[in-house]
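Take a look at the structure below.
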Amino acid sequence: MPYVNIKITREGATGEQKAQLIKGVTDLLEQVLGKNPKTTVVVIEEVDTDNWGIAGESVTLLRQRE
Amino acid sequence: MPYVNIKITREGATGEQKAQLIKGVTDLLEQVLGKNPKTTVVVIEEVDTDNWGIAGESVTLLRQRE
Amino acid sequence: MPYVNIKITREGATGEQKAQLIKGVTDLLEQVLGKNPKTTVVVIEEVDTDNWGIAGESVTLLRQRE
Amino acid sequence: MPYVNIKITREGATGEQKAQLIKGVTDLLEQVLGKNPKTTVVVIEEVDTDNWGIAGESVTLLRQRE
Amino acid sequence: MPYVNIKITREGATGEQKAQLIKGVTDLLEQVLGKNPKTTVVVIEEVDTDNWGIAGESVTLLRQRE
Amino acid sequence: MPYVNIKITREGATGEQKAQLIKGVTDLLEQVLGKNPKTTVVVIEEVDTDNWGIAGESVTLLRQRE
């Protein structure tokens, strides 16, 4: 019954990678806490780099300097 | 003053249906808890089926098997 | 499969009232969008009035003036 | 290490305005609580007006009457 | 820079188990998406069984029938 | 109408400090985006250090090494 929300910047995660995240988190909750995978919900949200801030500035700016 | 966040898969909910959800949840909070509807906020988030996992796999895969 | 998060101030909602919210929201999602109630998840979070702000001040202060 | 999630209606906030929100919130947490800005995360989510409800109706309808 | 929020029912997860969740999710995001673990944030929220609903009823009731 | 959720570790923030956060965020949204403070909602959540992870470990462990 756990609910997991994963927020990442929108920078090209593929369907395959997202499927791996869903599988990996569901497995982890079963292994660590014995949670039934049947009712584990995982929601991935991809956020534009303009809308994600770290250390007081957007990831858009951060990426430009890299 | 309640805040309600409804997450559903993005599978064609219409503006009319979303209006019904907003009205229904706001009414419910008034009936059950006496919350003033004026300041009840409802936010609906529609999530791509690739980004929603249940039972360890994405809803995209689930829908393909249905 | 919907996930609903209801945030209210912690001001004495009873177990019975919370059960009504859970039932009401689950029914609403079935009626409006045909969502299977079996996998509808509702999480209620009760927030201390010190930690809830509206119009720039805490609900604690708001309640003192009422 | 704080995590701040700002939800607003999608009504044309610019990259510059979003940068100001990120900077402003990060500064505020440093001033008030001494939080290290390096690890303060701010995520802005812009929500379609059809998907945002207040007082039992969508912001789309609200805006039409204004 | 990912942000992960894990919600589970409050049913006795230990500090050790929570540490395993934090480590496991952080590792997963590094393996699958190459995310720098230094800035991966994981927040676990434990929710009273009265406040968690599935299939239209609270987990408190569900547990009583098990 | 914005909704802001601030998550911080539970490490002794006072009512006064939380009031400053509420006021500061509400003011910021008015200054930057012209948002009406009357309907700006701010919810602060304080999370136990066992339940907050950064860089793959809990803040409880992090604090012990400081």
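We just call them A, B, C, D, E and F in the order they show up, numbering each chain from 1.
Please note the rule applied: a contact is a pair of C-beta atoms (placed from the backbone, for glycine too) under 8 Å apart; a residue touches a chain by one contact, two chains touch by 3 or more.
These figures come from a predicted structure and were not determined experimentally.
Visitor: Along the graph of touching chains, what's the shortest path length in steps from subunit D to subunit E?
Guide: Step count on the best path from subunit D to subunit E: 1.
Visitor: Identify the chains adjacent to both subunit A and subunit E in the sense defined at the top.
Guide: The shared contacts of subunit A and subunit E, listed by label, come to C, D.
Visitor: Quick check: superposing subunit B onto subunit D on C-alpha atoms, how many degrees is the rotation, to the nearest 5?
Guide: Answer in degrees: 120, to the nearest 5.
Visitor: Report back the single chain whose CA centre is most distant from the CA centre of subunit E.
Guide: Checked the centroid distances; the maximum from subunit E is D.
Visitor: State, to the nearest whole Å, the distance from the C-alpha centre of subunit A to the C-alpha centre of subunit C.
Guide: 25
Visitor: Could you give the separation in Å between the centres of subunit C and subunit E, each centre being the mean of its C-alpha atoms?
Guide: 20
Visitor: On a C-alpha centroid basis, what's the spacing between subunit D and subunit F, in Å?
Guide: 13
Visitor: Would you mind listing the residues of subunit A that make contact with two or more other chains?
Guide: 1, 3, 7, 21, 25, 39, 41, 43, 45, 52, 54
Visitor: Select the category (line, ring, star, complete, other) that matches the graph of chains linked by touching.
Guide: other
Visitor: Once the touch criterion is applied, which pairs of chains come out as touching?
Guide: A-B, A-C, A-D, A-E, B-C, B-D, B-F, C-E, C-F, D-E, D-F, E-F
Visitor: Enumerate the contact residues on subunit C facing subunit E in the complex.
Guide: Residue positions touching the partner: 15, 18-19, 21-23, 25-27, 37-46.
Visitor: Mind listing the subunit C positions that touch subunit B in their complex?
Guide: Within the complex, subunit C touches subunit B at residues 1-9, 13, 17, 20-21, 24-25, 28-29, 31-33, 35, 39, 52, 54, 59.
Visitor: Within the complex, which stretch of subunit A touches subunit D?
Guide: 7, 45, 47, 50-58, 60-61
Visitor: Looking at the complex, which residues from subunit A come into contact with subunit C?
Guide: That would be residues 1, 3, 39, 41, 43 of subunit A.
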